[in-house]
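Below you'll find the structures, each written out as structure tokens.
Note that chain A is present in both complexes that follow, paired respectively with chain B and with chain C.
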Partner chain A sequence: MTMQFNDETFRGDYTYHNSPEAIRRFPFPFDQDTYMYSVNIEQHPGGPKGTPFEKMFDVDEHYVAEMKDREITLAEDPLRCQSLPHMELAGWDLLELIMVSKARDYPDLFTLHRDGNDWHWINKPLGIEKKFTFLDATTLPCGPMEYITRQTQGDFALLHERDNNLWMDAGMITSQADWSLDFDVGMNFFEWHAPVPKARKMGVFDKALKFLLAVGQGQHYRRLNWTMTVNPRLDTSPENYHKWGPEKRTITPENVGQKQFLRVELQTFFRLPRSNALAFPIRCYLMNLEDIATKPKWGRRLHRVLRDIDPDLAEYKGFAVNQKTIVDYLSQFDDGAPTSPGIFPD
Partner chain B sequence: MPKTEFSPSIDSRPTYSGLVSQGAAPAIMVADEAGAQALTDLAASDASVMDHAHVVLVGCGAAALGDVKPVALHEAPDFDAATPLVTQLLNTARMGTQIYLAGSEGLIGHVSALAFAAGMPVDEIQMEHRGSIARRMQCVHCKGITEDVTTDPFTCAHCGLTLFVRDHFSRRLGVFQGVCVDAETPGVVPETVEIQA
Partner chain C sequence: MKKLTLKVTAVEHLSPLVKRFRFEDPTGASLPVFSGGAHLTVEMPEGDTIRRNSYSLISDPYDGSGYEIAVRREDKGRGGSLYMHTKVSEGDDITVSLPSNLFQLDLRAKKHVLIGGGIGITPFLSQLRQLDMEQKPYELHYAARSREEAAGIKLLPQAAHIHVHISEEGSRMDLGAILDGQPLGTHVYTCGPDGLITAVADQTARLGWPKAAVHSEAFTAPPPGEPFDVVVKSSGKTVHVKADQSLLEALEAAKVDIDYSCRGGGCGRCQTKVTACDGRILHNDHWLSEDERAAQKDIMPCMSRFKGTRLELDL
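After this line comes the complex of A and B, so read on.
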């Protein structure tokens, strides 16, 4: 096995950390010095070698630790994984997409042998070997969506399409930026996006939904979204807000570089073949300000973006209370020099 | 009491556009005392709407309907008592059955969630708000539902956390979302205000 997996935690003592390689390949989300919502959608996969855009489902040094954290969250709250009865076929579609992609893209980590519907799956990093019958749920220990997403980094929403809308009828959501799957299951695109400020009036959601409805078989796209999180915590759910909320107020000028993380979501869209559902993986990358600032372009740019951001967005994203401390800290990395276009470091 | 006009809000907040007769189709109608007035107004606009209607009145007697005569009329003292009957009506409803709900947010939320569970197309349900603007609130932390919430913040009847009242609404659950108001600063709670329409 070529990849080394970190022994680290996303809660309690928070031993999560990024290697120099993880810092280099971090999906920094800003391609210019300002930010506002937009329909920022592009083809996926595709991108420079070694970036998280290269493969269908990126696997990195945090894989094993993230799957352990998901297991803890699910044990405490099984409602983080839900699937309405008509979504089981979409779950099989997703399982197929992930197993086939991972076995192709990471042959030394994952293997899939298929003989008709008799499948044999080997996941080396997690030590799983399973023979099962494709499309027969009795041959897996749980539903197909749950089975495969317990072995895949990132959250997953499965959207059913009807009445010219998308309906969030299934999901595995354990690393969300403060929204509740249990509350949102059964909602349509406009309903689950209702709390987002400004975007509806700007036409962003109408355009985005139109785009998604037109995504055809075999087409895949992605977009980046971001927020700010104190401590490297995956489970920033509303369910547990009263547990992680107090940590938000522990930021000081001395610790902000280490404790304040930029949280980037690599969101991808896949039309699924049998169910015609849309799969929406939301992969989360966390990096603290100190590590970001090791790339001079990123330090300068993040300072400008967070200093000038619309106050409604800072409030919605939950970092308004710490904005001044964050911006003061980042200002030391901004010498006023111009930044190059694009997201990659110089 | 007239139909309630709510101030503009976010997209998930239901708007209750009012009852409009779909003619003499099979129908399930559920109302509380204030909502019963909306049913009599509906019957006044088109008497045939009652020809195949099952009406369930929650917390009030048949007198609330005046001389309107649906094909069947049931009375239940409260939501809990009405639930088995309404569930049975929903589960055995024929294709094309119309649903009319009228009354408080709690009544509408409760019954539309039962309709969702029965697989009915929730966006086709007719709803009219009358009477109390008290909300049916779900605590996002413990998942317990507190009925008849009239203040913001309020105390979760189940886990005791102090929750603020969001406009975010789940049609599947028929509830608004309540979120801990002092999560970041335990004990620091804003002044309590009455919920506005």
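After this line comes the complex of A and C, so read on.
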């Protein structure tokens, strides 16, 4: 069966929606009833069939609409895609990784023919067919990173390794959870993480950096992160805070189930072969409280997590103003029964 | 750590002491490409221990048809290079790690100056191919004592920007002349004996080069030494380190879980806390600072050894 793509928007009238299948496969990020910041890293890809962990780069029903939304964001603000000159090779590495993976994992959607450096790429959902020369940027309409990330869900950061640190020297960032590529480009690992509360003190970043520097070729990893967003908006950038910030104030006990979204980031890490750079794709999944609560285990657990969370984290994750409304709403789904371990629904 | 089992498809003498080895996938499949300066870790099983040495890749980084390394025979070593020279021949299976890079080019550089001494030429052989493909300006200087010892000559292209300095023939390498007057934004990379690395560091400091533009790789195989014992704190177990074994190899043989990458004292991955030390740690790595060495609170098990009565590690 070939995939059906939703006709939907991530701004304005916000017609974004999840089918029952999308709800079932949602990467719910909590494996227990409490939450604390941690380096929860697993090998990638790998996971039960049909989950977003199964394939290198998950393609789902939101693909076409997400790519349209990226186009709108880029047209308004081209600086959401930047690549310092020395990162072009990493861009080719990323293009190869994505094209090869997608053609292998979704043969009815994507095809790649390679004859030496003469490549022929077909992307059926977006209606793209392109012949180009690998490693020759003049044969593409834009740089290799921009070309492939305009066709791949999720944000992308490319990190250059030097002086025992990682530097964010390229990226395509149009669905970030409140951080700015234009502000962070050229920064190192510690600088761009500076705003995260508590984690620095816990030494989490020293460990995470050490881990990332050790990621070798052929070993890929992932972790889940999460935050909360009002309305299914991908572009929650600091540059556009004036557009989405005030929407937080529109939450009422009546609409919270539909308007309040749990925003999950599936972060993956790949060591790129030719450039030795690290690719850091950040894929965003959005689901409102109403849909989450259709899985009884998730409804119970989300209630407990958000009720008991550290106040600093509620602030950092951006939902402190609505925490009471959210928790009150979710309490109707929590009968006090124990929950099973793991993130998957029962 | 991910491993590949490959076939040895060519073995060739480059000089009396240096052999070149080529490894290919047994099914002819394409191997992962890599970046200039990357190395492989080769497994050498002998009896109940597996020795592992890292060697720079010398083949074309963008060519997945095979991996090539060059190994210099060290008669006084732990036996790794002797194993490669005497036990490995065409048609054999060999287990290697995936390529990993601790000596990558900084592609921000306006120009690259590569300086290799002796067998230290090896990482540059893949780097210069990458520089050619990326069309970056560079020059390479290769210093060896005699033409006979200069195994790298056979592998270097003949070009105006490739300079060979044979000291026996009176053409010693003059670092001052090489480094002075390089354009702003030039990066220099050195691989070879410690003396060469220090000399380049001194010269660039004198010329006011930024530290970030000066790169070096000094990893060597771990030296043999006197046997010693080490205690693993978590289990209380005593592990014996034989004369021709590194501490890391002994811990691995005893099934102690320990991280590594370069196995040559250059990456920091194996750094381990010392919880008791009655004696002297023989630091052979290039990772710990002078102060850290003196404190005897950390050890790099891939390279370093111990002389004394009690050494306990936080493992």
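Everything that follows uses one rule, which is that the second predicted complex is superposed on the first by the 345 of 346 C-alpha atoms of A that agree within 3 Å, B and C clash if a C-alpha of one lies under 4 Å from a C-alpha of the other, contacts with A are read in each partner's own complex, and residues count from 1 in each chain.
Just so it is clear, a residue touches a chain if its C-beta (ideal position, glycine included) is under 8 Å from a C-beta of that chain, and two chains touch if they have at least 3 such contacts.
None of the values given here were measured: they were computed from a predicted structure.
Would you sort A:Val321 into first (chain B), second (chain C), both or neither based on which partner it touches?
First partner only, chain B.
Contact-wise, after the overlay, does A:Pro20 reach chain B, chain C, both or neither (first, second, both, neither)?
So A:Pro20 meets neither chain B nor chain C here.
Using the touch definition from the top, say if A:Gly116 reaches chain B (first), chain C (second), both or neither.
Neither partner.
Using the superposition on chain A described above, determine whether A:Gly336 touches chain B (first), chain C (second), both, or neither.
In the superposed model, A:Gly336 contacts neither chain B nor chain C.
Touch test for A:Gly12: chain B only (first), chain C only (second), both, or neither?
A:Gly12 sits against neither chain B nor chain C.
Counting residues of chain A touched by each partner, does chain B or chain C come out ahead?
B
Return first, second, both or neither, reflecting whether A:Glu239 touches chain B, chain C, both chains, or no partner chain.
first
In the superposed view, which residues of chain A touch chain B and also chain C?
Looking at chain A, the two contact sets intersect at 163.
In the complex of these two chains, what residues of chain C are touching chain A?
My answer: residues 1-2, 32-35, 38, 61-62, 97-101, 104, 106-108, 130, 133-134, 212, 259, 261, 268-269.
Touching chain C in the complex: which residues of chain A?
The touching residues are 84-86, 89, 135, 161-164, 214, 216-219, 273-276.
For a test of understanding, state which residues of chain A touch chain B in their complex under the given definition.
For this pair, the touching residues of chain A are 79, 163, 180, 182-187, 190-195, 200, 238-242, 245-246, 248-249, 321.
Under the stated contact criterion, what part of chain B meets chain A in this complex?
It comes out as residues 10-13, 116, 123, 138, 140-141, 143, 161, 166-173, 177, 179-180, 183-186.
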